[in-house]
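Multiple structures are listed underneath, in structure tokens.
Note that subunit A is present in both complexes that follow, paired respectively with subunit B and with subunit C.
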Partner chain A sequence: MPRDDIAARLTDLLRDFFRQPALALAEETTAADVPGWDSLAHIDLMVTIEKAFAIRLSTREVRGMKNIGALLDILAQKTA
Partner chain B sequence: MEYNCQTPDYATLIAEARALDTSACTRDLRIAVLADFTTHQLVAVMQALAARRGVRLHVYEAAYDSIESEILDAASGLYAFAPDCVALLAATPKLKGRYYAAADPAAFAGQAVARFAGLWDGLRAHCPATIIQSTYVQPAERAFGQYEALVPHSLGAAVREVNRGLAEAARARRGVLLCDADFLAAERGRAAWRDERLWALAKLPCTPDCLPDLAGGVLDAALAAAGAFVKCVVLDLDNTLWGGVIGDDGLAGIALGGFDEGEAFVAFQQFLLSLKRRGILLAVVSKNEEAAARLPFREHPDMVLKEEDIAVFLANWDNKADNIRRVQQVLNIGLDAMVFLDDNPFERQLVRAHVPGVIVPELPEDPVDYLPALAALNLFETASHSDADAARAGQYREEASRQQAQASFTNIDDYLRSLGMTARLERFAPRSLPRIAQLIQRSNQFNLTTRRHSEEACARLMADAGHAPLTITLADTFGDYGLISVIVLALQGDTVEILDYLMSCRVLKRGVEDLAMNAIFAFAAQNGARQVVGRYLPTAKNRMVEGFYAGFGFTCIDSAAHEAVWAHEVASWRPRAHFIHAEAQEWGAAPQAVAG
Partner chain C sequence: MGFTDFGFWLALLPVVALFHALPGRWRPAWLLAASLAYFTIESGAYVLLLLASVGWVWAAGHRIARAETDRARLIWLWAGLVPAAGVLVLFKLGDAMPGIAAPLGISYYTFRLIAYLVEVYWDERQLAPGWLDFAAYVSFGPHMVSGPIQRPGDFLPQLAALRHRLDPARIEGGLQMLLNGLMLKLIIGDRLAPLVNMVDGAPAAYARPAVWLAAVAHLPYLYADFAGYTLIALGLGALFGIAGPPNFNAPFAATNVAEYWRRWHMSLTGWLTDYVFMPLRMATRHWGRAGLVLSIFVNMVLVGLWHRISGTYLVFGLVQGAYVAVYTLWLAPRGGPARGTGQPLVALAKAVCVFVLMDAALIVWFAPALPSAATEARMVLGLLPPGPRLFEELPEGADIKAACIALVLAIYIGAGAPGMAAIRARLGRHVPGWAWVALKLLLISLLGQDNGGAFIYGHF
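Entry: the complex of A and B
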């Protein structure tokens, strides 16, 4: 799946998940930039993303992901 | 109420928990959650599930892995919260850690059980809440392969041993229930339950998809302990208890026994019979000619249920909503304590629409799926079991005989005299505690204050010199009613206060109320009291006793929306007439040995 398509789907998913219809994502966006994205929400979000993209994230990927760009890299690689 | 066979999914429940609407909730429940794993999501799911069942759940969520400190510290937030129940939840990875660190694997299981039993007893010393203990989910790894179970102290054998030990220790105590996590996980498939990654990352006990199962397990036990449980199953007949239509197909034509669908109906009836033996009443509501409806019960060789298993049998052409209300009136139980099982979606919808409160599960199309669909709903949770439960169905049939006898008397006094009633009044006794606690949980209508004491709290009353906790058992020529009334008195200065007064509605207007009030005033006089004071706390279900104290000549001395206080001078009490031969044990004073 092209990276732009993944980014669009991910944006929709996060807007829905955090119930922030105007949420905008950039490559450098981190959890700290999104209200409600705490460590507990992170786990739920990762599980939601796994279901939506039909992939599985490793422990290291869930823990180590620095920003939206890193997440997009993982999704692009796993849905290729 | 509609019950679908599937538990709502995690995402739905989390969304509901975020915008929790408890405005339609009719009751409150206080639960403390102590766990050695992360409980944030579990608690949210539990609150959403509770709200769906009309319960506003107040939760004390202890800090991660603080079970010991909460319980052992008398000044902990746990005790300040004053919970109705305390859930002690434990995850297998933590148990594995202890197992591998244990010096003596042979002693491990015993120690793990003793740790929790000690915690339960520690908790008991500070608070009478019901305890809900989780079991451990079997781990995946087996160092011995299938031989694991044959090695006494292998990990797999140890986990089984701990679960068995927890059940035994709980059985030996009052007010300790299990949330059988291993069963819940096995039903899902343990591989689908576990998520080692989410344990490593966030200390989640299972995959989020399975959290509703675990939350439901805790909630089911908590609600049963609080008195919300099913007392009666109302059954359709054609295509519910057997395949086909008895009126059309005849005795030889219905599918029952043997193989195919007939086999499934036998299995379904066997489960219903085990419910009846447990004390749940079975009733029949069927659109049939009565003779046809009763025919299989009398003559079909593969019929598991017999006529004597059915407490109320209604076969007619009236609509089922009206018939269910009739069943409810005869049995004197709440609509929300009834489950209606019918293969016909039209009848289910009609009952949902016209008899709100009754639990109406969806039944699958194929009768082989009835049993697993019902099992998945876990509708028949209970917090106690006593031998008296099993006798209940018989008592309702005796009641039917009494009602027939009553028809032959024109004078009620003659009738009551003819019953040859005998009653025993006695202080709470250890052997009666399970039944006392159960009656306290069950009685909604004839209940003046509706305070739900746990069995443990009853045991404390029994031993407390400051209280006079009384039970009444009743029998007559038709049979034994068993323990039917619980009254708790307190002597405070010159006043005897009636703290609790409840009675089974099955014995209304037999004179037990008169006998009991005479006993209360006799107790007051013996103890030099000047007056007897009673309270009425209104609930959605106890309107029938709103005028109870007025009926005995009490004067209302304080009246508010939530409470009315009534008083009567001891000096002006005139004993009531009744036709019960009473045998009274000493019940006013606590037994010396127990009171110390």
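Entry: the complex of A and C
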């Protein structure tokens, strides 16, 4: 899947997940920038992403990702 | 020789002076030498154990970074973790046996070793630039005894920068911080210690006012003692040019139990969240609510048991697990942007509830064994007849009126000292920094208590 398509799908998914229809994502966006994205929400979000993209994420991948850009890299690689 | 000994400060002066006078490239080595010397004075030959742990984890970190397969990476992670954590568990088990003293700060340097391994496992760019920097990180003297637990990614770049420059402004900030810590510990915490120790020693022997006052004082006493220690440790670190992580952020202002744990002993709860709770939550993410509850309970039981492997700390952890699980499952707002806490009065009522819940759990935390915790809880609830004693058995020099003032002050400071920032900002224009230092020194010498100077967390 092209990276732009993934980014668009991810934005929809996050807007839905955090109930923030106006949420805008950039490569540098981190969890701290999104209200409600705490450590508990993070895991639920990862499960939602796993289901939406039909992939499996490891703890190392989930913890190693520093921002949205890193998440997009992983998704692009896994859906390639 | 701890933070409340005159000898410690006397020995510290030349160490800090030389640190600043040395050429930059020698500073990390001097810091390591001073830290190891301090450790050896306190714990003797255990320094060999510390060095062996440092060497082993250093080697394991390199193996992880060089591993070519996920499997090899994981094997080296566990090969590094098991001996480091195993030594800690052995000493915690040995705690129950008389005559075995654990090495200084073993909990805290083990937390740093584990943090390093896991961070390198997650991202090999976290590898320390050299063995000397890594050893200086693990054995960093100012944070050795009871933390705070700094992450390698926060400490190592600061240490590397010390080779090139040392900001003299850090010294004054550090000095103010450690004097604040000494005031919190010696003027406030040590005024509450005699009351708490007296009643906890024989709760059934005391009348209701004494039992209730001591029960209320548990949490503010622990706060003044431990937050005081932390400020001293952070201030000392700043004298060596290192800014450490905060450990307390107005915990008594928390309006729910989860927020309380994000404000109390923050460097430990953050460590547990990243290295225990999150991996566990990932592993159990398809188990629904059961996975969440299990992760919460494992995490909170560890919060209790790392102090010491005993029944009281197990019960403490289970109680905290129940608090956090009930809050997370039924009370926490879900999804969407975080809501405010609402009306100030509602926020105050919530903060009081959290304070009472945490204070109640500390009855078992402070108790020497479960039966005495049960006795004290029943005394507090009025289920046992009151004892004959009141405050007459307080040791000489301890004064109940001063203890009550200290109690109110500890709660005020622990709630974030509302209004204080504005006063300080207004005074700051007229009062120079050195005058604050002089005033704090004067207050400590006039009002500081001399209770032998032990810190509660010095034993963990």
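Please note the rule applied: the second predicted complex is superposed on the first by the 80 of 80 C-alpha atoms of A that agree within 3 Å, B and C clash if a C-alpha of one lies under 4 Å from a C-alpha of the other, contacts with A are read in each partner's own complex, and residues count from 1 in each chain.
Basically, a contact is a pair of C-beta atoms (placed from the backbone, for glycine too) under 8 Å apart; a residue touches a chain by one contact, two chains touch by 3 or more.
The structure displayed is predicted, hence computed values, not measured ones.
With both structures placed on the common chain, the touch criterion links A:G64 to subunit C but leaves subunit B unconnected. By the touch criterion stated above, A:L13 is placed in contact with neither subunit B nor subunit C. Contacts of A:L40 after superposition on the shared chain: both subunit B and subunit C are touched. Contacts of A:A76 after superposition on the shared chain: neither subunit B nor subunit C is touched. After overlaying the two complexes on the shared chain, residue contacts for A:A31 are found with neither subunit B nor subunit C. After overlaying the two complexes on the shared chain, residue contacts for A:T48 are found with subunit B alone; subunit C is out of touch. Among subunit B and subunit C, the chain that touches a larger number of residues in subunit A is C. In the three-chain superposition model, subunit A touches both subunit B and subunit C at residues 39-40, 43, 47, 58-59, 62-63.
Contacts from subunit B toward subunit A in the complex involve residues 11, 14, 38, 40-41, 197-198, 200-202, 204, 207-208. Put simply, subunit C touches subunit A in their complex at residues 70, 121-123, 273-274, 277-279, 281-283, 285-286, 292, 328, 335-338.
Contact residues of subunit A toward subunit C in the complex are 17-20, 35-36, 39-43, 46-47, 58-60, 62-64. Those residues of subunit A that touch subunit B in the shared complex are 39-40, 43-44, 47-48, 58-59, 62-63.
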